[in-house]
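The next part holds the structures, each set out as structure tokens.
Next, two complexes with subunit A in common: one pairs it with subunit B, the other with subunit C.
Presenting the complex of A and B:
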């Protein structure tokens, strides 16, 4: 009897953490950081955090698609690097007298998204054909990361590219509230697709059980392909915006993006086993990570030590998800 | 005559990757006969030996249905900590032995943590070891402040440079571990338990095998192997750094798969992995030998991994429904 009460209480805590934990975390981090440095709460700092993490946000939204469908995409980081260097090549070549023309900006945006889509399509095609599970998605997309990263290196010979423009439409992509706006638009569209379309519902079904999805007559291969295609497109878009925001491009631009995206997705409560999750929560997860990393910077924690925090956060987020699942199973059994 | 054809056909169907590699080696021999010089073979075998020890452990893990992505970080940590201890404790034989043992205990402790996370919390091994790998990398960077740690210990130098019958000492260490791994996996109850666990975890548990213990011990073995590889690497380079051997985990997976051990678990052999890692290094060194440098070399490594794993996954695609 007592153990039942105990487990009920435990369940309440876990589900409370899952429902409100993200917002709770944001509030606590903000409070602590503000007490130590009051400037943390200023509008300028908030906008800075949002802007800096909007590209990780866009990449995370794409990653959420791959993860919900029961896969994973570790090639996101290299895809961002590749689109970054190519975007910069296009813009720098089109720049006349330090002004980047609007047409070049739109072309760069289009090329960036298409490049991302191409990498995503290769990932998706291979994984659909070999019927890969998490193990296969992991290694195959990791290998893609190596290949795409090397292609980016080969294109610019490893050189750092600085922006040659001073003004123009392209600069606007990364200024002020624009990157955040990009993220919000992507989030709304992606959430809509996920919840309101047949493809979105198929993706959840596929992620929770590929076998059942196939037996139910779903076009499993097509859905998987599309999920990875969308993931790649998001990475491509993120790559373009990163270049505009930072004003330079290098082959290391996207380094660790796949890990950050994975952390944000996991923190957002999307099960890494696939089959559940939401875009809104992923965006909240991005905010938590953004606030936390900025707070750590303010507290003077070095980037090397931040790796330790990142890893620990992944373990905790996934452990919470596993705990929640085992409780649900026990509940069903009872 | 007919049976011979069918044997070849079966070989091509079952081992397409192996065939590709053999073709490549023959091609190398024709294009650049100097590729098969004694020094070159000796050097390839040294690299094979260092990564090989870890590859054996990774194969055992894959057979058991587990996986370790923190292996590369653990390997780097092993190098760093070994150099640090060698410098701190001096050059007497007792001190060097103590340094080796303490370093191995530390890398095995990482394995214990991995094992506990995977077995107790049931987090997938991929995610858990990805995370612990990041944590350990961060820890190593904090520990070294991002610098390389080097050692000038004369015994270590001799271990890396010395040869016996034309082969490096390190190669004999590898051969010893191959024999040990083969013996354990083939002739002991423990080894057969690992095969059973990887083949069908439920069936293994019902037949009385302690599945949890099997899975846990795998991670400790992986930690041990990472430490041994780290020590061997220090003998060769006389230094340790977070930047050395970041490709270890995935190279070990590639070697396992090229050898013919499927990622699905329950099947395969450590001897196959020896063939696998030999072939991979002949390819890598061959490309370097042809004058292909830098990012093209990296690109081809990626393509090799991609092709090999895709072919393996394609062959076993039916088993995953």
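Presenting the complex of A and C:
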């Protein structure tokens, strides 16, 4: 009997952590960091964190679509690099040719998103044709990462591109609250699509069981294609904002973004098996990482130690997910 | 020496909700070929799984060579000289025939595996059996029939005294079947006993010394094959009364809504044609592997078909995908509700509305309120018993899960429903509800195809029966003609 009570209590704790763990973690990190360095809680620092992690946030939202659909996208990093490089070329050339800064900025934004969409569309089209799931998406998007990275490399010929402008609308994309606003808008729209549209619901079914989705008469290929298209679009947008924020572009701009995004998605409680997850939680996952890394920085923790902490958090997040799943199964078995 | 190599006494095996075997006694003489026949689900496989240690009997004893034994697992069964040839292949496709034959006992020389010796011995062994492929060939290069022969060779290589063969010829062509029969006769001469499970009665008459007939988990008869006739066996296999278990329905048949013309899917189904009318329940009878599910999948667009024409409502349609089939008004309730019929981790609302999300959209977007209302309406109509619609599908009983699958497809408003084993694994009460529901649907003008391996059910429910065997349509029977004997005799004809 005691063991039954124990397991019930354990179940409660786990489901509580799943429900509130992310917010709880952000609060704890903020509390601890603020006690040691009161400046952590300042409005300026908060904005800094949000802004610094807004591009990872946008990329993670796209990644969440791929993961909920039962796949992943490893080409996100290269896509960001490519859009960054192209965007910078457009803006620099426009500056030289004295195009109105506002139209140049909007053009760069549009091209960036379309470029991302193109990469995503190729990923999605291939995966739709081969009826790919997790394993196939791993290989195909990894190959895409290499190809897209090489294209970016060829375009800038290995050079780092500095901005040849000092102000204008494009600069605004990365300044102040704008990147955060971008992330919020993307998050709201994407959450809405996921919950309120046929496509969103189909995506969950696809991720949960491709076979069941097919046998329910869903447009499996189309949904898979769209999920990757959206993931690519988000990466493209992230690329544009990164360039604007940093003021330069290189082929290494997006390095490791795909892994960071996957980590944020996982910490946000989206099962890497597909079929579950939410955009809101993904953004909270990004913020946990953002708050934690900033806190470690402010507290002067060595960078190697930071990486160890980061790795530990990832393992804990996945362990929690596994624990939750095994409990659910046990509940069913009883 | 005992007369009998194997005696299974009073074996009873219960699974939750069913008695799979009831007081079954089964004896095999030394050096005889003993056929075990019965309908799908009669208990043949369960009995052989008990012999092989996969299951433990709840009651009864096993006597091997005159000694009472307990077989706890397959390893013990092997050690006691019992060999099993399964229908499913347990071969490693990327390895060679020789490697598969010697996989557990690779001969070593000076600490290294002696490949030369293995390949030579394996080749000699294959030659002695009369098999015409090389020991060094990879399994993936072999045909299905050759793979089956490898599976047989694997068991023969172990020097067993008793070999069980479960439908060994189901994937063999005539030539290979002949090779196998000669082999079996040779084994018999060497004094090895064989339990031969088959649906093909000609094989039983050709090979078996003794035949045991199982039905509903009980032994109906066990007699020298010479004293039996084909009709007698069929009668005993199916001989239960088919009557009032099935609710009566009287309704007028309407126009033809589905016409299938010479559908062929290479290697699986061949030239299948039939018509389906509004208000009709058309039964698909046949043994497992006869191609019934394959026909359903082809019509539903889940698998390709290579030739043939499908007409829906008098119009020729080319169906390439499941959503296209749904748009044409065709729905398929799959035989595996846990894997493909439902997503068990999702709640009932999601599971019901997924086939037609347009119906729950308000101003272009999904409305949870509309979803809740409609799902509630359907679950009440179908009498689904659940504390809440937010319950996960996995927490429902089999019968209620099956009703959710029905709700899901009724929700899609399709006119043609293909039901693949709609009552599999659900209890008697729920079964009766499903039958009533099918009748209601037919009366409302839906057209239904019912695939079922339960002969009484498919005969009792259908207006007309299509019988498949070996991927071909072997007969069409109306209600009066469809006796269990007639259906079974067609089902084993190809």
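Everything that follows uses one rule, which is that the second predicted complex is superposed on the first by the 319 of 334 C-alpha atoms of A that agree within 3 Å, B and C clash if a C-alpha of one lies under 4 Å from a C-alpha of the other, contacts with A are read in each partner's own complex, and residues count from 1 in each chain.
Throughout what follows, a contact is a pair of C-beta atoms (placed from the backbone, for glycine too) under 8 Å apart; a residue touches a chain by one contact, two chains touch by 3 or more.
As the structure is a prediction and not an experimental result, all values here were calculated from the model.
Visitor: Which partner does A:205 reach: the first (subunit B), the second (subunit C), both, or neither?
Guide: Only subunit C; A:205 stays clear of subunit B.
Visitor: Which partner does A:195 contact after superposing on A: first (subunit B), second (subunit C), both, neither?
Guide: The answer is second: A:195 touches subunit C but not subunit B.
Visitor: Quick check on the superposed pair: does A:275 touch subunit B, subunit C, both, or neither? Answer first, second, both or neither.
Guide: Touch status of A:275: second partner only.
Visitor: Looking only at contacts as defined up top, I'd like to know whether subunit B or subunit C touches more of subunit A.
Guide: B
Visitor: Applying the touch criterion given at the start, work out whether A:46 contacts subunit B, subunit C, both or neither, answering first, second, both or neither.
Guide: Neither partner.
Visitor: Name the contact category of A:214: first (subunit B only), second (subunit C only), both, or neither.
Guide: Both subunit B and subunit C are touched by A:214.
Visitor: Looking at A:138, would you say it contacts subunit B, subunit C, both, or neither? Reply first, second, both or neither.
Guide: First partner only, subunit B.
Visitor: Quick check for you: in the superposed arrangement, does A:121 touch first (subunit B), second (subunit C), both or neither?
Guide: neither
Visitor: Under the contact rule defined above, give the subunit A residues that sit at the interface with subunit B and also at the interface with subunit C.
Guide: Residues 211, 214 of subunit A touch both subunit B and subunit C.
Visitor: Using the touch rule from the top, collect the residues of subunit A that touch subunit B in their complex.
Guide: On the subunit A side, the touching residues are 126, 129-136, 138-140, 142-147, 149-151, 153-154, 158, 210-211, 214, 259, 262, 266, 272-273, 302, 304-312, 314-315, 318-319, 322-323, 326.
Visitor: Would you mind writing out the residues of subunit C in touch with subunit A in their complex?
Guide: 300, 302, 321-323, 325-326, 331-332, 334, 339-343, 345-346, 350, 354-355, 357-358, 361, 365-366, 394-395, 408, 412
Visitor: Which of the residues in subunit B end up touching subunit A in this complex?
Guide: 67, 117, 121-124, 126-128, 130-139, 141-142, 146, 250, 253, 263, 294-296, 298-299, 301-303, 305-306, 309-310, 313-314, 317-318, 320-321
Visitor: Can you list the subunit A residues touching subunit C in their complex?
Guide: For this pair, the touching residues of subunit A are 195-198, 200-202, 204-205, 208-209, 211-212, 214-220, 275-276, 332.
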